[in-house]
Structure formats: structure tokens, C-alpha cells
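A quick write-up on the structure given underneath.
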């Protein structure tokens, strides 16, 4: 069962580390630490093997995947240089399958990165048609049993008027009429689900969250999910906030300061792009706590950190007898090492859903996202439990 | 429905703040922040009102409860001086009901604190008999509908040979034969459950964990639970560890350093007493993670902190592609402000269990303890869920 | 020897705590901890006694000093309520001497705080004249031997075109011609030094830093100093940065995040006012390190913190063999408790300088300021050494 | 001018990284970041070039220097593998000059590491004589102009009865009489200074601190210095403590917790060896602050950290009006990357002192040590200033 993986932003850090990592796992030179699907009970499901994943994708940069991986290795040690060497030819093969993508409405910084490569002068219907052709040629050429499309491109500025595309009809009319407000993420997502390919939005960009795309996915029985992979500060937040809620401790303020040094940081240094990100990171407190609290998320670009990301969170809370107390944490992670295994997990799990006739938004995948498109809770442990329950519905009783 | 609350260690910090706090809640001058039972769905249960709790207890110190509360207020601001003033006469009334307890096998430091007040020269059967009399006189005098016994005394050195008291027969024979190895916490617990009074062990001392006491509780249909209230570093640990497990991130080491300045800290500065505490704090990682990891818990006495307690935890973990990362946190809490509302919660919840015929160890109370005597998981969110489920079995469907 | 202390912003937090503190020190109910002049060798100098300081000042608020102190006490515990009680009548006497000041060019937020009280509609020459009258009436009424003027008002937006006022002539012409660009801090400072009163700029506002004011101070032999008292994050920075320099460790980035909850924080939440502050905090790294480095200072308003201020600094540095390492610190201080004793120190020390014929900018006071107007180094220990050397020139050999 | 460098513990981490680093600096493949002598004004002194250093030494392990460097590289990334490769043959040449040393009185763990290699069965006079022969053969064989002996071996348990060796006569009689209490560090130091070789004690072991060794050094006009290189937590302490002192802020408690994972950590895990270390780290606060304060230094062995060392310090202090505040820091460093450049600095600087007739203890080197054997202050900035002043006495006025 060959499963194609089409990555939007295939030459970015997360994609490069995912591809290198998948090849390294497949060849047994690295462990599966960090992959949720390598752990029981998910490891007992009939998921596509990492070895059977065939990678390709869109990008707007000319820098090769190996070059991106080497730069990431130099700036943060991930992946190790020796691992890149061991899988170099496999990764170069993926690189030869990368098509030039569009950066329409992705903001100024992304435009600069594109260096004129991006397809921006085509009409919207032509862009969609070209994307579809790229997907289908890949499926045909590699005789794939299934194709999963996954967006790991840099964060776009938020789409303002989402109501205008709330239905399939409205969206398809807008595409037809060359509506220049539509951002790249929506075009990629629409092209995927309209062709019947499962879609994952790893980013805070609009993607399949738009009403119109959701309707098309439902119509075509395609599973999809997003938004914005939960890999760092927000992951910790979703583990800690339930503690305050459960103990009836009142959070007076929750301040978060993120510093990061990779392209993601550079793009987010543009206030327009950052707007989408901060919104996404900031939503869960109110749901978990049950009340509004003073909350702020700062994201700053600190080039010296390379791929490393550090967050400092300061939580000021009140307990019994009006007593004020504090919890502070620092999280020092490698963005791509945290994200890459989740890319593989999500591909495998959405492929499983597709194979089993699950369609539409996939709530069992909520634990992977900062802003899950369908969910019962932001409580991380409860989200994990939901995923375990999903697995158990497909596993024989033991 | 008047519910008696008999506190072992009634003049200690936790007891004093619990009593002051209960009176302040009852008179409406403080909020119920920090009380789990003040939050839905528990607040919908038919629990004894805080106003209907009648306090008394044992202690070995001559310092009054008000004096303890004032010292705590001076050293850490909890409870506020104005709150103490407002409830002073109520608290003095409680003080008049305190009986001199025993500090047998509680270690040198506790012995020093007792200043000769403790009942140490009596035989074990006489001690048990005196404790029973204290319980029953209190019930009779105040015409109580129910008595809950709760241990908030300083941590004892661990009882070595617990196997020798694994059955009710063995334990009762040992008491009869004046076995001088039996520590105070066991005598108090045995006296409680043998008289049919629900018992809560808020400390890491042996208490009702002993096989013999458990058997007596079962025999008498008495609910009880322990050990060691989860109020600080371990609480955070039980919220964070499931994140590493669920994401298949490998914890390489988890180092914890606690500094605290109250009597608890002073007692724990004695290595013998500390042994019981560290053992209790250190158990949950392996269960949650599913493997053994390098783990250490340091507890140091820093008098300048007064009632404040600060923990620094350093978690070194490995992710995808062998990437090493870190999470560090500092927790700055007031020990008694965190513990006191849980005392009230546990009294109310174990009284509810008793009223509803639940007996033996109470697993739905696992979230309150570092070393729950019965539990399914140390995962804090799952433990909260278990408590919610318990509540829902007693609530009408909505 | 009665020394008058005229505070610009006399009803703000720092002023209120300074006044309460001075009265408390004078009456012996608090210690001098935090006062540099209470420590050898400065304590051996012939400084005005705290008891001999007579306070007055300008403000634009109607809230009294006692009210400010009580609000500060409620929100952060400083000063203790009992201390306020003990000195209440003394402080009320000060309050009766407060005159309405001007908030010209102090920004929108300060304008809002003024609630229409500030003198904004007068011409600039009239404002200066009124300020002078206020100073002189105070001196006359209280038969003062010396008057020190000290600015503790909220930070103004920076004055753009400082070159236009580089000389005494230019400045005085501008005042004469009702130049509406001149900010309040300059008017207060000019009025002080032109009347021969020593002046201290505790804030980042322009004050006596302007060329024209400096020239008037030199002409009149008046000592003065500023800018921006070094009380928190920058203090720590100036202690730590020399370590990196001296060990030839390369600072790759120095990120600072400040959260604070008092009026200072509220005013700084306005980007215009913040500009002055951030500029001032950020200057010392390059001087100490000897090269430019990535550096950022965030200041965010977190009301829940009250008068408390927390800074997180993350220092990423490179050592031998290209090894990357990190130092992080958190500083949790009370802004006014840190600032108030320095107000008393600076008054006493600039009065001493004046009494001893020292005039112009006072470099021995550099350790007190983030942006000292004259200095040899930002290295805190070296700055302390300079102050000790100043003291020793006035002390008999021992 | 060829300068020999004889390292006691030449196959340990610090030595290996020093040797690899020196070769890398000499061949221009790494920068001199971290070397104090690479910075003005020291870089203007006539110091031996790094290129002219010839390394040799004693050790008790059979593991080669390259193997140690490779293990350090694998566990903490220092030195980079590519650097080791580039200088491998040079380092192997050093390895061929390593002689088997003694581990007498170095404690159990060091004995275990020795695996029977150490010379323990010889008499003390024979050990001293053998060490001398090793020094002199090296000088002769390589035609060295000067030999510097530097101790970087693991920390010994402290020597109890130091008074018994307070004079040269007493020490020499003890050696003669085969006094089995003398530890290895004293024998190495005595052999060095008695032969006229400058000596540096990079460790907390006794070494040249003993009265008898000091006297021999003075008699022979030999410069020497120690003890215990200041590379991490204590370095930061000596930068921060002067801030509290200078501002008259009262330190209520200073708690330090160090976790580290290299051989140093393993050896310090033995309480006997740790005793020497903790004593050395803990001395400076009282001198800088001018009063005794609650202070504790914990050192724990956390193997997962490899060569990385993390310290958490919690400083609780009191300011004006009794206000309690806090400073906390975490220091995440590579022990050997911090220590190695100081090894090179100290060799160069003590060789300079020797060349210029400076003899006995060298106070200008105080900034390098936790427990400087002669010093005016522990204040880091003041110590740096002392070193600059030393340099300026040898530099032409500019």
C-alpha cells in the first residue's frame, strides 16, 4: 500500500526534517521516539508503514531539501549531519519531485523568500487547476494507493472575510471569478479535498477551515483536520491549564514569551503573519478554565537560536484565602524535531481514517492541534484519551 | 447534619489555616477559590456545608491555633491578619477542644517540638484507648451526626516492618502486646476506623495504609483514603508527565529541588523523616511514563521562606532524531493555602462517601494524593475525570 | 540643616513610598535596608539626615499620597498598612503642600490620569514662572537651607529635536517664544537649575539631559544627574554583562521580557511613552561588551501583578570551541520598594555635592542610573567603586 | 620560547578539551572566544603563544585523550567531532607522553577509575621522586624553556590535618617518613615548586595551598596559584553578589542546585569528594556581603546531561520597608568548554609571571578561582580590574 505525502512547503524546515526522519526511520538508523503512532495502542493499528510513504510537494524556494536539512543541522543540530548523509540520495529523489507553488496572499516576507519563483501571475482558477494537475501526476507516476496533502508552509496573514466563502458554492464561484483575496492555503486545501485526497493543515493558515472547503470535504467523503500543530508552549499550556481548573485555582494572568530563530520566526516577525499565529495559540485557556483571563503570547525572532525555540511562561494565580502564587516554566525545544514526527503521525492517521471511511473533520486528532477544527476539550490528557478510544474501536478486544 | 472534623496535628500550619479558612468561608468573608468541592459538578453533590463542620483534634504543642495562624500570617501572609481577627473567637473555641496527642515514633524533631507534652509513657493499648475516648467524647458532647478523622501531623519516619501488621489480627495483637514499633499515625487511624469513623491520611506517614488497618476498615464498612496530599511539585508533575508519555518523548532525567521554610521543612530536614516524604513524591513517573527514568527529589529547609515553598524541576528529554530538549519549571506556592482547601474538600467528600455506603479505600479521591492507596493512574486529568464520574453517579441526569 | 525635597509626580507610587519610607525611617519603625547611603563608607559622610528632609512637589492627580500608598499596599504589600498608619499624619502634611503641575507633552495616558487637573492651557513662559514660584514659596515658607528637585513622574514620549535646544540661549528663547514642543520634564528641570536647586532625573524623560539645561546648570554651579533609575532588570544586566566581557564569552543574543502591573506599566503600555523607556534600558550592553549584539527589551502591562515587576532575561552566548551556552534569570521585585530608597539616597548625595561645591553632571552617581549622563562604564561594580572613591575623598584617612 | 604544560589528569575531560582546543587555536580552525588572554589588554602582553605550548602529563586511566575527547563530543558536543579529526595526530602525540600517575588519597571512585593503573604501592618519597623524574625528562626531551604544572584531576577528599604540614620542614619530613595521609595533589605540587616549575591548582584539592608547599615556592621564587577554577555557578555568584551588597539589599538565603553528568559529577557523587567542592563554592558570599547568610550548594550527578552542567540558584532578599523579593537564575554550560580556555590562560599568565620574576601566590589571577589563595575581594569585576592593572604594569603607556 503506497501512500503519497504531498507537502505544501516541502523545502521548509519541518518538511525537510520530516522527510529525512522518515527515511531514517525506514532504514532503521533512528528510533521512533517522538512519534505518537509508534506507541501503543496506536502502534497496533493497521497504519501505512513509514517505509511505504512516498514524498513530494510544492515550494517556492530554490534551496533543496538537503540544503535546508543541512542548514537546520548547522544551526540547531537537527537532523544530525550523519543522518543526512545516510539518506541523502533518497532525499534528493524527493527533491526532484517538488513543483513550484504559489505564495498568493502569503505576505511580504514569504514573497521575499520566493525570490520570484512563486506562481503569482496566474489567475486563481488556473492556479487551482495547476495544483490539481500536480497532485494527479504524482499519483499516476508513482502508482499511489492514496495521497495525503499536508500544509507545512509558513503562516499566512489571516483571511479577513471568511463568511464570504462559507459554502461550497460561494467558494467555487470565487475561484471561478478569480477572487484575488483567496490565500494559497485555501487553494491547496480545496484542490486536495475536491480531488478526494485527505488533507491536514499543520499551520494556522486558513486551509480547510473555511466553510466552503469543509462542505466540499463532506460532499466527497474526505477526512481532513487542522489547525496549527501543537508542538511547544501551547502543548505545555494544554497540559497545565487543566490543573488550575481542576483545583479551582484562579488564573489571574498567563504571560507567554516565545523566542525562536528559524524561518518561521522570520516570517512571524512580520506583524501581519504573526496575527494568525497569536490568535491560534491564545484560544484554549478560556475553554479549559471556564472564564476569561489576562493572557498574552509574544513571539520574537532571535536569529542566534537557529531552529531552537524557547518559551517562558509566567502564570500568576490565586488560591485559598486570596493567596497569590506563581508557576513559571521555560521550554527549550527544537521546533522541527517536535513537529516532524507529528507530520508522520498525522499522515498515517488520516490515511487510516480515509481507509476506514471516516470523513469530514477528525476530532480524534485534536491533541495534535492548537486550534482543533472539531474537539471536545483542549485538555491534553483528555485529548490523548480520545485518540486512544478511537484506536480501540479498530482493535480486537484484549 | 453536623459533621465533626478531628484533626491529628490540629495546631500545625495546615490545620490552623484549614480551620481559619473554614470559618472565613462559613461567614462569607473569603471566597472558595482553591476548593475543588466548590466547583461543578462536585458543588452539586449533597455534601456537608462548610458551615456545619465542627473542628477539634489532637496536638502535642502548647501553641494555640490562633498563634500558629498568626505566625503563618507573619511569615507568609496566609491567612491575612484581618481574616484571623474576624474569626478569632470561633477559632479559640476550637482550640479549647484540642487534646494532647502522642508522638510515638514520630522522630527526634517532632519530639523536640512536643516539649514534653506528648503522651509517650503510656502503653500502646492505653494510647489507643485514650484516642478512642477523645473521639467519642467529642461526638457525644457536640451531638455530631458523623466524625471524620484527618491526619495533618508532621511526617513520621517510615515504619520498617509493615508486613508484620498485614492483617487485622496481627495489628490488634501487636497493640495488645504493647508493640513499641507502632507509630502514632497507625494508632490514630486504627482508633478511627475501628470506631467506624471515616479517615483521611493527608501525610506520607503510614496511617491507614497498613494492611491491618485496611482490613478493619473493610470489616467496619468505613471509607478511608491517603496518602500524602498532592499540593505542589508533585501536582505539577502529574499534570506534565502525561504530556511526555502521550507524545512518546523520552524523559532522560527529571530532577526536582524543593526549598521550604515552615515546620514541615524543619521536620523534613531530619533525614529519617525525609525518607518517607521523598519516597512518596517519587513514585508516579514510572507509572505514567511506562519506564524507569533517572529521577531525584531534593527537599531542603530554607527558613527565610516561611510558609512559602519553591520547587525547581529540570526535565531533560529526547525527541525525534535523538534531539535533546528541556522543560524547566518553578512553582512558588504557599503550602498551607494549597493544602487547607483540600482538607475541607476531603472531609466533605469522605463524609459523602460514608453517607452513601461507600467503604474501604476511595479511588475517586486519587487526584488529591501523591501516593493514592487505590488508583488507576497518576495522570492528573484522568484522576479529575474519575472524580467527575463519581459525582455524576450521584447526580440526576441533565 | 533642613533640606527640601520637591518631587515631580509627588502622588505617584515611587514618591508615595519614598515619603512614607522616609517618615518611617525617621521615626525608627523601619530599617534602612535598601538605602545605599546607610552603608559604609557613604554612611560616614556628612549627609542630610533623613529626619531633616521636608517633602513637597507637583502632581496632576487628585488622589492623595496616603491613598496612593494604600493602593500600593493593597496591590503589592508595599508599604505595609501598619507603616502607613504610623506615619499617616506626617504624610498628610506633605500632601497639603502638593501643587498642581503640568503634563505638557507627557502623552495621552498621562493626560487621561490628569483628569483635567493639569495646567496645560498656560503659555510655556507662564508655566516656568509658576513652577519657579512654587519652588521659592516652599523654600521661604519652610525656611529651607537647600532644595533638591527630583523627577519621579511617568515617562514622557521622547523629545524629538533635542538639537534645537543645545544651548542655554536656544532653550531660553524657546521658552520665551512659547515653544509647544517642550515637554514638562524640561520645564521642571530648567526652573530648578536656573534657580540654583540641585536636580535629579529619576526617569527616562528628557529633564536636565538637554544641552540647554546642562549649560544653565554649569553657569549656576548646580549639581544635577540622571537618567532613569536602575532598579530592576537593567541593574542585574549591569552586574552580569561584565562577566561575559571579562571572560571573553560572546553574547549572541540578550532577550528581556518585563511584565509589570502598576501605573508605570499602564503608561508604558502606550507605545509612544514606551519608546523612551526601552531606549534607555537597552544602551549598556554594547558599552560593556565592546560589540553590538542582538538585544531586545519587552515591557508588557500585566495588571494582576500590582506593584510587582517580573523580568525574564535569556542570554545566549558562545564560548570556547564554538560551544553555545545559556544564562537565564527571573527577577521578581517591587518597583517602589526598589526605587524609594534610591530617591532618598540621591537627594542626600546631590545635596552633599551641592554643599561641597560640586557642580554640573555628577558621575559618581552613575551606579543609580540606566543611562547615566556622565560615566566611565556601565559595569555596576566599577560604578560602585567610583561612588566609594568619591566618599573617600571627603573622609579622613583611616 | 617553548613552554611545557604538564597536566595532572591529562586524560580527563578538561585536559582533553584544553589540548584539542590549543591545537585547534594554533592551527587557526577555531576562534579564541572564551580565552581571557585573547582580549585586551592581556592580549598585548608578551605571553607564550598557544602554538608554542607542548603538552604532557600524568593520568591513571588507560583511555586515550582522543577517546576522552570523542566521548565528550558524543555526550555534549564539545569539542566538535570535526575539530577532533583535524588535530587528531597532534593529540595522539601528546598521548604518547602521558605517564602513569598516583591516586593516593583520592577517594574510592577515583581509585575505581584507575582500574589498578595508579601507582599506589610505592612509598611517598619514591612517588615524589618519580614525579620529579617525569617532569625533568619531559623538559630535557623537548628542550623546553619553561614548564608549567597544572592540576586538572578529579577532586580529592579534603586533607584533614593541614596544620601538620604548615612549614617546608614539616612537609619534607612527612614525605621522607612516608606519611600515608598526604594526598596526590600535594605530592604533584611539591614536586613542581621544589623543582622551580610554576604550578596552578585548577581543582579544590589541597595542592599548593598547604603551608609547606607555599614556603617551598617562596624559597624557590616560583609563582603558583589556586584553587578551584571559577567556571559556572560560582562565577555568576561572584558577579551578582556585589549587586546586593552595593545596594544594601539583605540576602536572606541563597540556594544553589547543580546537576551535572560528567566524570566530575560521578566523583562528586561520593560524599567524601563532594565535601571539598562544596566548601570551596560556598566561601565567597560572606566576604562580599559582609554578613553570614543562609546558603547551600547542592551538587547532584545526572548522567543524562553528559558534559553539560545546569545550576539553579534562588536568591531571596529583603529591601526597603521589609519588602521580600527574589532573583533566580539558571546557568546551562558545558563544563569543559568553560574550563579549557582558562587552562590555557592560566598557563600563559603564570609563565609570564615566572618570566618576570613574580613569585609566590599570584593575586592578579584571583578572578579565575572560586577560592583564590590570595585576593582582595571575591567581587568579579574588581578581580578583573586587578588583572587589567597587572597587565598595565607591563605595558607601555598609551
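Letters A, B, C and D name the chains as they come in the text, with residue numbers starting at 1 for each one.
Basically, contacts are C-beta pairs under 8 Å (C-beta built on N, C-alpha and C of every residue); 3 or more make two chains touch, one makes a residue touch a chain.
Just so you know, these numbers come straight off a predicted model, no measurement behind them.
Student: Stepping chain to touching chain, what's the minimum from chain A to chain D?
Tutor: Tracing touching chains, the least step count from chain A to chain D comes to 2.
Student: In angstrom, rounded to a whole number, how far apart do the mean CA points of chain B and chain C lie?
Tutor: 50
Student: Distance between chain C and chain D based on Cα centroids, please, to the nearest Å.
Tutor: So the centre of chain C lies 44 Å away from the centre of chain D.
Student: Two or more other chains in contact with one residue: find those residues in chain B.
Tutor: In chain B, 77, 328, 330 touch at least two other chains.
Student: I'd like to see which chains touch which, written out pair by pair.
Tutor: Result for touching pairs of chains: A-B, A-C, B-D, C-D.
Student: Would you mind writing out the residues of chain C in touch with chain A in their complex?
Tutor: The touching residues are 252-253, 255, 257, 259, 294, 296, 298, 300, 302-305, 310, 312, 314, 316, 328, 330.
Student: Chain D touches which residues of chain C in the complex?
Tutor: Within the complex, chain C touches chain D at residues 17, 20-21, 24, 30-36, 38-39, 77-80, 83, 235-236, 239-240, 242-243, 246-250, 318-323, 325-334, 337-338, 340-341, 367, 379-382, 384-385.
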